[in-house]
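Got some structures for you, see below.
Paired with subunit B in one complex and with subunit C in the other, subunit A is shared by the two complexes that follow.
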Partner chain A sequence: MTALTSPVAKPPRSARTRQRRLSSQAVWSLSLVTLVIAAFIFYNQILPNLADSVAGPVSRWAPITAINECLIYVIMALGLNVVVGYAGLLDLGYVAFWAIGSYVGAYLMSDFIFQLKDGIHIGSSTTVRTLPGIHLSFWAVLAIGAAVCALFGILIGFPTLRLRGDYLAIVTLGFGEIIPQFFTNGDRIGGLNLTNGTRGITPVDPINTGYLSNILGLPRTVGLSPASLPYKFLFFSVLAAICVFVSLRIRGGRLGRSWLAIREDELAANMMGVPLVKAKLSAYAVGAIFGGLGGVAYAEHVGGALADSFKYSNSIFVLIMVVLGGMGNVWGVITGAFVLAWINNTGLQEFGNTFNGWFGTHVEIPSYNFLIFGTLLVLMMLFRREGLLPERRTQQILREPARTEMESVGSDVEAGQASEGDEEPEQSPEPARAAP
Partner chain B sequence: MTAPGDKSGAVPLGKAPAGPRHTSTPAGAEDALRADNVVIRFGGLVAVNDVSFVIPKLSVVSLIGPNGAGKTTFFNILTGLYRPTSGRVTLDGRDVTGRPPHRIAEMGLARTFQNIRLFNLMTAEENVMVAMHSHLQAGIVGTIFGSPRKRREEREAREFAAELLDFVGIAKTRYEYARNLSYGDQRRLEVARALALRPSVLLLDEPTAGMNPQESGVFTDFVYRIRDQRDLSVLLIEHDMTVVMRVSERITVLDRGEVIAEGSPDDIRTNERVVEAYLGKAATDQARGGA
Partner chain C sequence: MTSLVASFSKGRTIRLSEVVERTAAGILVLGVLAWVILNLAKAPTQFFTVLLAGLNNGALFALIALGYTLVYGIIELINFAHGDLFMLGTILCANMMANWLGLTKPGLTGFLGLILTMIVVMIFGATVNMGAEFFAYRRLRNAPKLAPLITAVGLSFIFQNIGQRVNGSSPKQWGTVFDPQSGFSVAGVRIRWSFLVVLTVTALLLLGLTYIVQRTRQGKAMRATAQDQDGARLMGVNVNATISFTFALGGAMAGAAAVLYMETIGTTRFEAGFQLGLIAFTAAVLGGIGNLVGAVIGGLLIGVIQGLNDGAPYGLGQDWSQTVVFSILILVLVFKPEGLLGRRTTEKV
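Here is the complex of A and B:
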C-alpha cells in the first residue's frame, strides 16, 4: 500500500503544473487507500454482524466476490492501457495473457501434474506435503506468471512490429483466439493431456499468507471460503495498487515518453533515436505482465483455470473499460474497469431482479449485457468521446482543433503570418479562424 | 534498456560538449559526413544515381535541385530510412550504411522534417526530451523505483531541454502542447528537438517553407548561430534561392538523381547546367542569345 501513498517521487513534468499534479495524485491515492481499508474493515468485521435487513441488500448489490472480480479487471485494464493508451498499439487479443497467467497459476498450484508423485512443495499453503503435482507459493507464482506472460508478450509482439493500425489489430485478434483455443482443446495433443480441455484445472491451492499471518494476524490460508474473501480483497487491492504505481512511474520516465512519442508519430520518434523494436516490445511486455498478474489472481478468484472464461468478448470488454474510462489516464481506466465490471457481474442482475419485482415481468436483463455495453459505448462516443476521466492531452485533441490546422485554412502561402500570434500564449481557435 | 557503448553518457547532459564530440573518430576524418557513390533503385527507377557528397566539419552546405531531383530520397538514405542499393555513407568516419534510423540518430545525425512532425500531444519540453532517449540510461527498474541516478538524469535532461528551448527562442512555450504552438515556433521546436540528439550533423529539410522574406533573413543568422554554438555541420534542402545563396558555404545541385554541379554559391549561380535544370534548355539559349 505504501506504493500508492508516495506519488511524491514521481518526476514532476513541469514546475508550473507540479503542485497541482502532485496534490491531485496524492488526493486520489490517499482516498483510494482509505477506501480499501474501510471496505476491508466493513466486509470483514461489520457486515457479518449486521442485521439481515441491512446485510441482505449489501451482499446482493455489492458482494465481496464481485468487488474482487472488479479488482482483477482493474489490473487487466491497466495492462491494456499500457499497450493501447500509452503506446497506441491496438491490441484485440489481450485475453490471451489473462489465460496464460491463469493456467500458469493452475499448473503451479494444483495437482494437475500428478506424474510428480511426491509433488514439489515450496512455500505453498498445502498441509499435506506429499500431494502430487507442483505446489508453489502464490507469491512466487505471481512472479512466474508475470515472467511467462512477459515472454509471451514479446513473442506475440515480435511478428506484429511492422504492422500498424488495422493490420496490427487483426493479428492480435488472432493471437487472442489461438491461445484460449489451445487451452480449450489441449487435452489430446499427441496423446497428452496438457490442459484438461474444457473441464479446466481445478482446484488451485489457496493463497498462503506465510509470515504475514504471524505479523498481521491473517488466516494461514486464503481460499474460497466466505470468511477469507475480505483478505483476498486486500491482496488484490495491493496487486492493483502496484500496477497503478508502476503505470504512473513508467509514464513519467524515459520509456513512457518514448511510448507516447510512438503513439504520436512513429517515424519521427524513430528519427529522434527511439528504438522502435525495443520500445514496442517493452510496451507489450509490461502490458502482458499486468495481464499475467491478473490471470494468476483470477485463478485464485475462481479457484482454478477454466478455458471457458477466456473468450474474445473479454478482450473487447477490457478494451471498452479502457476507452470508456479514458485512454491513457490511469485513474480513468480504474474507474472504467470497476464500474463496467460491477455492472456486468452484479449490477445488471440485481437491476433485473428489481425491475422484474416491480413490474412482475421475467426479463432476463443480464443476457442483454453486450447490448447495453454497446449502447453505452455509442452514447459515450457521441457525448463524451474522451472517456469518463480523460487524460488531459486526449481532451485537448478532441475538444480543440489544432492551431496550425485552423490557420492553414486561412492561408497556405502566408503561413508565416501565424507567428504574429506569438504574443498570445493561450490561443483559442477563434482568433485563428478569423485570421486571413 | 540503453544500447551499449560509451556514447556521450560521460558528458553531462546540461552542457554543450566542448571540442569534438566523438573522441573515437579516426584520425584524418575531416568530414562530418560523406556519401560515396550512393545508388538507390526503386524497381526499375533509379532515384539516386552514383551520388558522392561531402559535408566538411563545421560547414553549412545546401542540397538543391528541381522537384523530383531526388533530394529527399537522398536525405532519407543518409538518415537510414532507405537502404542504398549500393554505395556507402560515413558519419564522423564511421560507416552507417544500412543502420537503423535510431542508431544513426544516436551516432550524431539529426534532422527536421519538411512537413512538421512533432509529437503533438506532448509538451515542448517532452518533445525535446524524447530525442534525448538514446543519451539517457534509466532502465525500467530504475524508473519504477526512482533510483537516485534516474532522478538526477531526469533533472539534467529537463534542464538541457529548457536550455535548448531557450536557445531556439521559445523558452516560454516549455509546458505548452506542441500542437498549440504557432507555425514558426513549431519549426523552432523541431530544431530544438533535433539538437537534443547532440548531433554532429544537422539536416534541415526545407526549413524556411512558409516563412516570409523577413523571417527567412533572420533564419540565416540562426543557422550560423546553431553551427557556432552547438558545434556542428548543417545540411539544408531548400527551395528559396535567396536563402540558399546567402547561407551556404557550398552547394550541391541534384537533377534527376545525379549531381550536376557542386561549388560555392557564386559558381552555382553562373553554372549553365544548373540554370538549364531549373529553367529548361531554352532559357540558357535565350540568355546566351540575349548576351
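Here is the complex of A and C:
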C-alpha cells in the first residue's frame, strides 16, 4: 500500500522498525492499562479514606464523573477518527450516532415502551420482573445499539458516496441536525409519542454485572450512585480499550489501508482496485458503531436520553478533539479527547474559580469556552495542522506543498503541473503556487 | 484524467441508475407542487399571507446566500463563519439604532438613520470578513481542504462567543423603525411596507453585485481568479487582492441582510447566525453554488417552502422547519449537486 503514495513511499519496513513500532504501541497500551487500574483503585479504595484537605481538591479538579465523561468522549473521538482521520471523510453530524445510540439504550433499558404490560426482561438489572417496557442487559444493548448505529451509518453514508469534501460535510451536517430534531419533536408524530420529546427518556436501568459480581466481587448493579461510579469508570475504560484495540488493528488491515489510500488520493486508490463504495460505507459503519457504543454508555452515564444534549456543537467538539489530538493517530486522538473533555467539563470551571480566588475577580471563565475552543482550532489549523501528536504519515503529506496544492485545486491541469512541481523542494506556499 | 474516468464509469454503470434518479427527482418535484396547490386550494388567503412572509425571509436568505456563493465560487470554501458574521451584524445594527442613534420609532429620521446604519454595518461585515480572510484563510490556501473548513468552524465559534458576550445568552427585543402593522391589504392579504423595503433592497443589491461581477474590471478579475488562480496570476491579476475583495463583498451582503433582518424581526440572538447561515447555505446550494442569480432564486424558494411548511394548512409546522430545509439540502445534493442554475462539472460531482 505504501507504493500507492509514491512521494511518501518509504523503503520497505525492516524488521527492526516494525519491532520498534510494535513495542511503542505495547508501551502505550501497557501504561494506559496500568493507569486505569491505578485510577480505579485510587477512586474506589483510597479517595474515600483520605482527609478532606486532599480529597477535596481531587474531587473538585478530577471528579470521577468527569473522568467517565472523558472516556465517553474518547470513544466518540475514536469513532470519528475512523471516518475523518482514517478515511478522510469529513463528518460534521457525528452527534447523530451518539443520539441514536443513546435512544436505543433508553428504549431497551427503561419502561418507556409501557404498552408492553409485563415487559420483556432479559438479563437486566431490574429486580422487579413485572415492570413494563423492555429491559435488556446493558451488554446486549451495547451490541444492539452498535448494530443499529452501523445500519444508520450505512444509510447516511449511502447518499454521500458520490459527494466529495465540502458537500459531504454539509450532508452529514444535515443528518446531524435532522436526527436530533426528530428526537426533540418525536413526542407528537401523528398523535404518537415516539421519543418523549424534550423531556427525554429517564431513568434507564443501571448496568448489570451478572456473573462478574460473583467472581470479582463487583456490586450487582452499577447505576448513578456515587459508590458505583468507579465501577462505571472501569466498564467505560474497557469499552474505550476495545475501541482503541479495534482502531489500531483495523488500521493495519486491508480495510484500514484502503481507507488511508482513499484519504490520500481517492482517484488513485480507485485505480489501484480499492472498492470505494465498500470502503467508504465500512468507514461510516465502523465510525457509527463506536458512536453507538458511546451513545449507550452516555445514556448510562447521565441516566437517560435527553434530546437537548445532542447538538451541532457536540459534533464539532468531537471533531476538535480529533483534529487537535492528531487526525489518524489513535494516541493523539485519545489525548485530545481526554484533555478537551476534561477542560470543558471541570478544568475551565475550576481554573476560573482558582483565578477568581487569586485575583479577587468575577470573570466567568467557563462562558468563554467557545472563544477558547474556536481560537484553539484556528491556531492549530494555522500553525500545527497535523495535531499535537501527529500521525507520521500525515506529517509527511503535509510537508509537501505541491501535493496538497493538487488536492486543494483538484482540476486536471493543476494535477499535471503539481506533479511536475514535486521535484522542487518548495518550502513556502507562495512560490509553490506560482512555481509551474 | 478525472474526466476520462468519469466518462468511462458513466458509459458503464450510471445508465440505469440515472433513469431511476430522474424519475425519483421528477416524482419529488411533482409531489412538492401538488402539496403547494393543495395548500392554495385549502385556504387561499392564508396561503398568500404565508407566501409573502416566506418571500420576506427568502430575500434575507438570498442576501446571506450571496456571501456563501461568492466565497465558494472563488476559493471553494464553505465559509461556516458567514452566518455568525451576519449575527454580529444584527447585534451591531440593534445597538447602533437603539442605543447610539436612539431610533426605535417609525419616521423619516428613522429611515435616514437606517440608511446610515446599513452603510456602517455593511462596512463592518466587509472588514471582518476581509480580516478573517487575511489572518486565517489566506495562509491555508495551499492546505488540504479540511484545514480552511475547520478554521471557518473555529471562527464561527469565536464570533458566536463574541455575540454571546455582547448580546447575552437569551434573545433581546428591540424597537424598530419599521412599523409592523403599517401596510395595505390586497384581497384580504396584508402587505407590509417592510416587506417591500426588504424586497427592493435585495433586488438593488443583487443588481449592483451582478454589475460589479459582470461589468467591472474587478469583476473580471474575480471571474478569472475563480476559474484558475495561477492563470489569473500570470495574466497580471492580483489574486490576493481579488479574493480579499470577494470576501468584502460577501461580508457587506451579510451586513445588509443583518440590518434588514434586525429591522423586520426586531430580535437579536447569538445562535441566530448558525441556523440562518445553514439555511442560506442550503439556498446557495439549491440555486447552484457559485451562481449569483441562483443564490437569490434558491433563497426565495427556500424561504417560500419554509414559510409554507411553518404556516400553511398542510405544513408540518415550525418544529420541523429545520428538518424540511435539510432534507431539501440532502435531496438536492444527491439528485442535482450542481443546483438549479449551476453547470455540472466533474470536480463537484
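Throughout what follows, the second predicted complex is superposed on the first by the 382 of 436 C-alpha atoms of A that agree within 3 Å, B and C clash if a C-alpha of one lies under 4 Å from a C-alpha of the other, contacts with A are read in each partner's own complex, and residues count from 1 in each chain.
Note that in this section a residue touches a chain if its C-beta (ideal position, glycine included) is under 8 Å from a C-beta of that chain, and two chains touch if they have at least 3 such contacts.
Fair warning: this is a prediction, and the values are worked out from it, not measured in the lab.
Of the two partner chains placed by the overlay, neither subunit B nor subunit C lies in contact with A:L50. Once the two complexes are overlaid on the shared chain, A:L382 sits against subunit C while remaining clear of subunit B. Contact with subunit C, but none with subunit B, is seen for A:N185 once the two complexes are overlaid on the shared chain. Contact with neither subunit B nor subunit C is seen for A:L35 once the two complexes are overlaid on the shared chain. In the superposition on chain A, contact of A:L267 is made with both subunit B and subunit C.
By the document's definition of touching, neither partner reaches A:L116: not subunit B, not subunit C.
In the superposition on chain A, contact is made by A:F370 with subunit C only, not with subunit B.
Shared-chain residue A:L319: touches subunit C; no touch with subunit B.
Contacts of A:E177 after superposition on the shared chain: subunit C is touched, whereas subunit B is not.
Contacts of subunit A with subunit B, set against its contacts with subunit C after fitting on chain A, overlap at residues 267, 270-271, 404, 407, 414-415, 417. Within the complex, the subunit C residues that touch subunit A are 1-3, 5, 72, 76-78, 136, 139-151, 153-162, 164-165, 228-230, 233, 274, 278, 281, 285, 319-320, 322-323, 326-327, 329-330, 333-334, 337, 347-349. Residues 9-11, 13-14, 16-17, 245-246, 249-250, 252-258, 260-261, 264-265, 267-276, 278, 282, 286, 393-394, 396-397, 402-404, 407, 414-419, 421-422, 425-427 of subunit A are the ones touching subunit B in the complex. Residues 84, 88, 90, 159, 162-167, 169-171, 173-175, 177-178, 181-182, 184-185, 267, 270-271, 312, 316, 319, 323, 367-371, 373-378, 381-382, 385, 398, 401, 404-405, 407-415, 417, 429, 432-434, 436 of subunit A are the ones touching subunit C in the complex.
Residues 1, 3, 79, 81, 100-103, 105-106, 110-111, 113, 116-123, 125-126, 129-134, 136, 138, 140, 143-144, 146, 150-151, 154, 172-177, 179-186, 193-194, 196-197, 210-212, 215 of subunit B touch subunit A in their complex.
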